[in-house]
């Protein structure tokens, strides 16, 4: 039995429902998934400032709940807090972007990202760059209208998203399409056969890669830059975060 | 039931045995693995010229046997022929390097590769570069003595390999160790707990990622650079390769 | 009169004292500096997880206090939260790393960073990479012993820091030395003439560049990726952060 | 009292007037600026060959006059001769491009350059690359008509320049606009509030950063690649350049 | 007398005729050229899979025939098998892409490639990347219609190819045009004076650079990654390839 | 008959003699070479400031003498003035670094540069970077003692230079050695067989590539960034340079 925690670092329960549904569809027999929603933050993250807030919310939830799980997923594209949690938690951690890009890199050379807004593109591009994968990024295209409802964007904007993906292939040279953002969880599955190249999303990729990491049992860093932070004075932090900070190697 | 074909593009049956054993240990319940050994080529690939031969041997085997499988793995580090087979085959294809690097990238920022010879390092470095991941490569270190027996290098050189890995962490800043090459299949598993950072190998990573790709069903490229090659005149090729070349989108 | 807020995202009052002293020494006539210390967090940041906490603490302080200032400085090397605050605040914002690297780039081609620990180097390297300046980074060298007292590291370890800087020039090809981290605030000044190449630190650089940004009055982004985040539902946030999130362009 | 020499490496007195006016507007109380015009060369630099000439002219003026100044600015975008003068002069030296890019990097992630001609773009792009900042360059856009009068381009082409800047934001993803070239000195100031993102120019940036370098007193290189050139035989050079070449560390 | 072998790794005799004609026009007095056509493979290479086949065919021909020659040229753009043959053969080896890019780099900063199809662009881009020259690649543009006859593409599509080249200069900033692919052999020569920037092709460049390598006599690698592959067991290979594999340093 | 002008941008007649001797040894039958020595400048260039002077001297000589030649070579490593002269002159131009790197790239993947001093390495590294070839640079190693006589460095330091080259192969992974600097002209030839990998020098490479460019007749740029500079007012320049500046396309 593999237990995976997916943390929605945003406050949108409707998006958590989308994440949960796709995670359950993706999970292998014997995998159990649980989704938690951030107790504070914004409806969805489009900017660096919102990501900063989401990272802290994700850290709080991860610190409190990780002990019951074999792997943790930061379930927002952009992966707020992922690198920090990888240091602090004793179990494997991944995020929607990292996982989707890992899938994309196994399916072709260059990938494009289809996203829910124009504004979000800069944050996504910087996330891709932070993973050293800008050389494989063909383009990022986003919807250009305000979203009526973050929970129903797949239905409201489905054809527009398909059209964006087709332009990524025809004009930008994409070999693979990444349908980005938790609000698009499940879209790759429901579009099966519609797109002219392989497509992946973050939630299904993260669940499968979390299962893989749990199965490979690659070990936790005792040295190097992902070992637990050195123990040192702290104050004003939640007991759960304090506990993580006190966990020396 | 997921069926995965692993192709050893070298002629060493003893290495095929190592690949098979680790693939079986790695496979999920419900996954069946089969290993085929190249009918022509060299004992193990260390150079670009040997990789050129191995690529053609891998292509021959893949063309003949792929139809019975859900995914194909090129089971030599350096992934000879992988990108070409990804175009030509209707199912997902991965390789030991690509798969091991995907695992490594999910476990830390920078990885080092521990290899079986000095000479092999240039070919590995170029393989990493071809995946656009040189920014995450901390170092490649290799054994510096001729191998007595390619099938028993793990036993003969185990402690030297551990020492190389420790230097990668201490001196090169590696967050993750990739134990490279089919002859090291299973070593990450048998060293569990010995290394100060997470470690992965190619065979177990390739099996898990092949399972993931089979499960995600991302679709096959009909357009873009991984669509099947355009149909055109050919001659002198095996019937199996001819059949692949005649498979228009 | 230019008023600059420096935010220490750590809880160490002794480090805030060092920051304040060097900021005052650096300030032009007519510049007023104020230093605030994070109400929660750790003693000093060495890791990505600690930076995540520091970013949130910095955001809280900035949200509450920015209105009285012409410019804000995130006063920890690594610049936790800087990019997010640049979006959210109406005034210019910089950080110790960004400012020190800007100075270094005006003084030579390649710079080295001298730091207070081994562990901190990965976080610094990633910070430099996030600014696209890895091509100008000659090396990062750090002290290799645990710090007795973060507030007195300059006195305790001064000669070791000089020796590290000299090796950066002789062995790594550095044209400029960046003395990194708030705990080293003022060291560049007190070492004047000791080092064989120009040296800079983060606090003095940040104060001067903040003065420059206030003087240039380059305008605030109304469009693009540094415009204020789009207004959307939020919950559980401090009134000050809520106010920032409600500030549409 | 800080004294800054700005060297116009071109022969256009009308451009020197623009430089002088903006430098005076930018200078802090207590800063004195002086502008010298090249005695030989071309009207304005658009190409590598013209830059080669301008570099030598700048070197002549710098060699003759630097002794009276605390800092020297090469006052043409493209910074002809800057790196060489940084080695040879005992005081800090900067240039319009270097200084404007330093400002831009403190205001956002990606910048675009708006320039006075199409031809000039290649030289500017290579200048940006030589500073290792191509990863932050969103685009370079230039006017596409011959200039009637280099000294009045701001007035003649003002609206076209604004339109180019707006396209850099909307189409190229620029966070900051650099208004490039000495002939545009002062334009950032006169456009205040017109552009949707922060904008900077080279002259004001260079004056402020020169003041900063004079204030920081970072020291002159005695070792490394910006130490004075090793003393060796020379002939046929002006006495002032001979004096610089004879200045051993 | 310098003897150069050009290997067409495709089965098209009509393309071999084009190669031979341009090679003879390019050869210096005292240079003798010979062109061999692959006994197996496809009509022309557009994809990675076809290149894998062409590489093996080129290796077979090179192994059998190299002994009579002073230099060998892999005469398909994309250079299938080139790096491997450089290890294995005792004489210098080059390829059409490598040689054309070397010429282009001696004529300007950025080059564009004009190609015979859309599909071929991805393979060419990866070839350029494998040479570390993506920073100098302005663009790759290709014909967008199926080719009626690979041997007569110059005549059939001449004006379209000129138009593509002109767009590379006007829109992509190319300083030099590379007319790519053996089917375009001789086009640079017949277009003399038609294009607004210098243009080169692969065959003439390869012949001249092969002459240069033969004249420079730079020596063969006895160490390093281009030394002959270490001798090891092999099976199922042609006698000629076996002989190459048995050639220890 | 092909006539090649080699311009020594330094004042050392003894180095011009070395250049002339190696150029004559390298030239094909029917090629005539002529070497001119700079009338002003320094004994040899090690720094950016000296290169700035050498560039202007090279430009003067090229402007005066180019009309009699089919190709021009800037005969100092570092290629002072090359890019500018390529714009301004009607014939092909190359330089020792550019030409040696072109040769090296045709012989292996990664090259090392062996140089005559420590100081010169920064300038060489920046030259390599300006050609976009840093990805292929294994290392730059230089002699670490002052040179007794620039004209006899090959004899005085021959064994030390060989030892440096061997370390480049063994420790840095070089596939090819570039023996750098006009003072080493001819050394690659006299060391034939001594080094374990192919080696090239700048003078012989430049002569051969100049012959190739003259033979290929690729055309002169009428558009793009290497077209002649736009005609505009100038003053104080030599008649020869004025003539170049007045040469519109």
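Think of it as A, B, C, D, E and F in the order they're written, each chain with its own count starting at 1.
We take it that contacts are C-beta pairs under 8 Å (C-beta built on N, C-alpha and C of every residue); 3 or more make two chains touch, one makes a residue touch a chain.
All values derive from a computational prediction rather than experimental measurement.
K.L.:
Compute the shortest path length in steps from chain C to chain E over the network of touching chains.
P.N.:
Each step joins two touching chains, and the minimum needed here is 2.
K.L.:
Report back the single chain whose CA centre is most distant from the CA centre of chain F.
P.N.:
Looking at centroid distances, A is the chain farthest away.
K.L.:
Computing the C-alpha centre of each chain, which chain sits at the greatest distance from chain D?
P.N.:
The chain farthest from chain D, judged by C-alpha centres, is B.
K.L.:
So, what's the distance in Å between the C-alpha centres of chain C and chain B?
P.N.:
43
K.L.:
How many Å are there between the centre of chain D and the centre of chain F, using C-alpha atoms for each centre?
P.N.:
29
K.L.:
Can you tell me which residues of chain E touch two or more of the remaining chains?
P.N.:
83, 86, 109, 121-122, 126, 173, 175, 224-225
K.L.:
What is the shape of the graph in which nodes denote protein chains and edges denote touching chain pairs (line, ring, star, complete, other)?
P.N.:
Graph shape, chains as nodes and touching pairs as edges: none of the named types, so other.
K.L.:
Could you please write down every pair of chains that are in touch?
P.N.:
Touching chain pairs, listed by label, come out as A-B, A-C, A-D, A-E, B-C, B-E, B-F, C-D, C-F, D-E, D-F, E-F.
K.L.:
With touch defined as at the start, can you tell me which chain C residues reach chain F in the complex?
P.N.:
Interface residues on chain C, with respect to chain F: 109, 173, 175.
K.L.:
Which residues of chain D touch chain C in their complex?
P.N.:
26, 28, 83, 86, 92, 94, 98-99, 102-103, 105-110, 131-133, 135-136, 169-170, 173-176, 188, 192-193, 195-200, 204-205, 208-209, 211-213, 215-226
K.L.:
For chain D, which residues count as touching chain E in their complex?
P.N.:
121-122, 126
K.L.:
Would you pull the chain B residues touching chain E in the complex into a rising list?
P.N.:
Per the touch definition, chain B meets chain E at residues 11, 39-44, 46-53, 55-56, 59, 81, 83-88, 117, 119, 121-123, 126, 129-130, 146, 224-225, 227, 229-230, 232-237, 241, 244-245.
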